[in-house]
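Two complexes follow with chain A in common, the first pairing it with chain B and the second with chain C.
And then the complex of A and B:
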């Protein structure tokens, strides 16, 4: 199961490049981090502005900032955000905690629902229920998350009054949190499921034409057994990679759901940091996302090796 | 069939179970609670010193020294009176002796000295104080003295926005700027903050038990923070909140009719201090040419802008820029849409299409290609203005950027035209009457700093150093005449803002600066109990 040295080196190189881009990109964006700190109505002398710049470390040469950036990464110190008035690590962990509460169930439900329904649909592609499900998932897949969020909120919260309009919680009890998260998780799961469904369906459509399926049939296996015992294992490989990538996508993709349901998660944190050019927060968020995506990819590599003997042999 | 029935039943039961999970969530609607819905805008942390958006909401628990009345006058909120030395270098504020923090401690001059020094030392946007304040100290009779380096007659205006903090609490906090609250924050206003939870999206205020002045009828104020104004509008309609508040904003005009149709709401409809405008980069030609600006002023269809951008809730502005509701407003010539006159004027000013390519040339013979720098809030309005200017045969394009980039380009004068807005405080800042937006010695988010004319700067300096009411009146008129004559920017419309509220409340008294979010309003607010709300205060919407 060991990952080859070459692969590890590749991951380390990817980390180095992404971390460096992470430093460079916010700084080449137009705009000034000082702007939003001072607000609309201020009048400061140039000397006072310079003093502030120096306090924020914005006046030091880029190379020095870059070296400090790497030093801080190794010290697990992501700096301080003057916009959020907080150290970046507790700020991100505070937000990530809630985003994970929103994302993990969505990824899990999305993966289970998408793969099973996708497999069934690929197996019997002309059955009416499968056609209906395909159209439903296609509609979800091609709808903007914001739009779907508003529609569900309108029906379930505004019209029927079943769910609250905003926030992760109100009283903070478990049932209260579940009630607040139900609609957002439903939407995120639906999006995740629709992507997994499409991939799984396509994958099963290809696999079912292969010779080992004919052989299994010839052996006299039941249809369900062929699908779930043989085809499923081979068809799920691309979905596993997709689920790994989902970690990164859903972190930022959660933004729209967070905006509709007024949730303070990672999506809004990145968005606000971007608008105010909050370098430490932007760097911190992208760093965490990078680590999660690379970690999830590593995990999916290992999982691929377990499921697929061909991959294992290559490794 | 049976299987479908089973799954449908299962779905309905699960939904009902989940929905009923938070059944105890909805509080039992106590009648003395006011729930205000607002949007998050820039609110990022629960730090009263570090987050100016939160500080604005905290003004009812930690009031600033001064407030603005409904008529636009500046008066003390936690002070009885104040006086200024003849040379405008020493200000003395006398505190109200009947003022107590919500923990029972009396508010003293020490608290004021402490708060102002804290702002000057810690808060980035208050650093201007370091350059003006020489000394701050307390005096007998619960008074605070501010000694200034130079004559300055606008300190009372500046103190409209800095919250008062209790020294006995904040003096012990090691890093005040970074200090965030989640629980009780001691305040001396009629309410104090009892809880801040931005994850749940609310800030709760309780009545200050030690408030000695007129007692508010409302026991508790709940500020519900939404990330999205469409959802906030739905929540308001559903009755989740009682009213809508955003600084410098009206309830979205397109949603008003729908809200009125519910029959549950009354509306406050008032002219507003802020406005949207077309600004010129006066450092570049042809924008620096008054004749060119004059021509443009006649090419804009103001009536159409009001109809399309404000859905009728506004009026045609004057050349004097300032809206009618601005204290010391002076009548100047109204702006007019006269396309033929605009064409005549621009031709007479020398901008002709001599090569017949459909685009006029500037005075050096180059095609007039201009761009309007905007951020995405103003796209619709900018498209209309672009079309008006195209009728003058000017090649106009839009440059849409995010706010931070907009500020950056604007400060570097890398633009031709901008469309932006003023804010109520912005109209009052610097030397009042919107001078803060134009004086080239200033800078800031929405500040154009394009007017370098010594006469204008002298006018600003004069205003900054006098407290004489008659002189100020004269200067106000001069400022408006200056705008009318020189058109450094063109107001696109003067808006009216509309604030809906549940009919069970009455006695609203919004002020010019913060609208309904002010102490006087929350003290005067009454709850109509056990009777029909139908006839309670007026209500209808009237647009032009």
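And then the complex of A and C:
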């Protein structure tokens, strides 16, 4: 096992605390906890409400409610959405796959593009193309992803009509899906790449001053060989950690891009849930995203252990 | 060397420009952002950037929007930086149990998906401007705390700290007057970058319609342009300027932050 028990314990603790937070929030927020738990869009008779209240355990002591909350989580039950007339979990998992279809390729493209360009740019800091790339990525880094989305949507879809400007269809063929996904993936990749680029560039700037680089040069290695065979391995470690930590951030970014392109993923789900104040869906999304973020962190720890012999031997 | 001062200077000029506009918004803006004219007009000499769906002058909205965005960014980042300094200093200086505990808390906070949590909080709390700022500040301190901690760990082993200890100064005194001044070079760029992140986050929340309608920010303007048909009707003068302002403002702050960071690296070397 490439990961220590302490780390796993820490992740479990994080999970426990964030899930508990999710229990507390609707109960301490202003307003009727029943509304806070059900969302604001339902019409039920007073008697039915009373029944629901006791069914949800809102008249029982907090401790019992808390235990029931955890029981439901282990039974994969996150409640019912009155707005969508569906259980929350199947609702979210149905939408989640489309978000992942957008997000995962973007993370991979972003990681490859960001690290390679970042490495080259850190290696030759003052070369003109590298400077241009740095400025471009800095601009992307500074933009809210949805704004990039709006601009590209305007140029490519409205003005030039190259890409469709709405959603993608579950029944579509592969080429159809790719056509719909092209712009959103492009934006998310650029966004993810800009963050990796900055870290990789800084990392190479530090690494290239180290002695092993001088030694490699003294051995007579070509410059590019030094960069990609020696420096790259050391410089990429901070990027790997960042990719995992950034997962939640990129996920949030993807949510906004989805809204701009009216895609059928979690972003639009959250948006619709917001408009109707459908709290169970919002909270369910929060929990699922938390699970995925923690999963990504766990994955990066394991990966770090496999890739970096120093970490491997320490454990 | 030369490029660094160039980055530094251009970032500084841009930031100064935006701060100036934000402070003197009332004097610079041609109209009040709430004043109503004919809606949906194109840019003209009367309204340089046209008017929006309810007839507010977009240029005036834009100028006043700098104020909201600036307050959110700086306010949230100030809260986050203070919190991060506090936690990082304690954790790095005392080490041991306090360190374990505080870094454990930091790790947990680092894993909270912040935007989704903010969406929930803002949805429940009926979006007040100040609450958004506070919540941003309370969620964005983690990376500052980590950086401050690792710098504190270095500084506390330095000779002047040891001599302060030998002279019998209290811990509080050592932290405040010996260590803190040496933390600023790492805390300052973090502060800048947090201002940038906070502004983007506020703009994102506003884009979802969670912004405070009584405090018109740039994000809120884009949101209105998006939902009230500005995009579909190709009214670029409505949604483009606030977006460009966000990007430019964040860009200049990030530029400043990065150039500080690079200076620091050079100084340490």
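To be clear about the criterion, the second predicted complex is superposed on the first by the 263 of 315 C-alpha atoms of A that agree within 3 Å, B and C clash if a C-alpha of one lies under 4 Å from a C-alpha of the other, contacts with A are read in each partner's own complex, and residues count from 1 in each chain.
Convention: a residue touches a chain if its C-beta (ideal position, glycine included) is under 8 Å from a C-beta of that chain, and two chains touch if they have at least 3 such contacts.
Given the structure is predicted, the values throughout are model-derived calculations rather than measurements.
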Worksheet item: Now for A:298: first (chain B), second (chain C), both, or neither, which partner does it touch?
Response: neither
Item to complete: Could you look at A:30 and tell me whether it touches chain B, chain C, both or neither (first, second, both, neither)?
Response: both
Worksheet entry | Contacts of A:221 with chain B and chain C, given as first, second, both or neither | neither
Worksheet item: Thinking of the overlay built on chain A, is A:86 touched by chain B (first), by chain C (second), by both, or by neither?
Response: first
Discussion item. By the touch definition at the top of the document, which applies to A:100: first (chain B), second (chain C), both, or neither?
Written reply: neither
Worksheet item: In the superposed arrangement, which partner chain does A:285 touch: chain B (first), chain C (second), both, or neither?
Response: second
Discussion item. Just checking: does A:276 make contact with chain B only, chain C only, both, or neither of them? Give me first, second, both or neither.
Written reply: first
Discussion item. By the touch definition at the top of the document, which applies to A:262: first (chain B), second (chain C), both, or neither?
Written reply: first
Discussion item. Is A:153 touching anything from chain B or chain C once the two structures are fitted on A? First, second, both or neither.
Written reply: both
Worksheet entry | Set of chain A residues, in rising order, touched by both chain B and chain C | 29-31, 36, 150, 153-154, 158, 259-260, 275, 277
Worksheet item: Okay, in this complex, where on chain A does chain B touch?
Response: 29-32, 34-45, 48, 52, 80, 82-86, 98, 150, 153-154, 157-158, 161-172, 175-176, 178-180, 182, 258-264, 268, 272, 275-277
Discussion item. Touching residues of chain A toward chain C in the complex: what are they?
Written reply: 10-11, 13-14, 17-18, 21, 25-26, 29-31, 36, 126, 131, 138-139, 141-144, 146-147, 150-151, 153-154, 158, 198, 202, 205-206, 209, 245, 248-249, 251-252, 255-256, 259-260, 270-271, 274-275, 277, 279, 282-283, 285-286, 289-290, 293-294, 297
Worksheet item: Can you list the residues on chain B that touch chain A in the complex?
Response: 15, 18-19, 21-22, 24-25, 40, 42, 44-45, 47, 50-52, 124-125, 127-128, 130-131, 177-178, 180, 198-202, 224-228, 230-231, 234-235, 237-238, 240, 401-405, 407-409, 423, 425-426, 429-430, 436, 441-447
Fill in: Complex contact set, residues of chain C against chain A
3, 104, 107-108, 110-117, 119-121, 123-125, 196, 200, 203-204, 207-210, 219, 222, 226, 231, 234, 236, 239-240, 243, 246-247, 250-251, 254-255, 258, 261, 265, 269
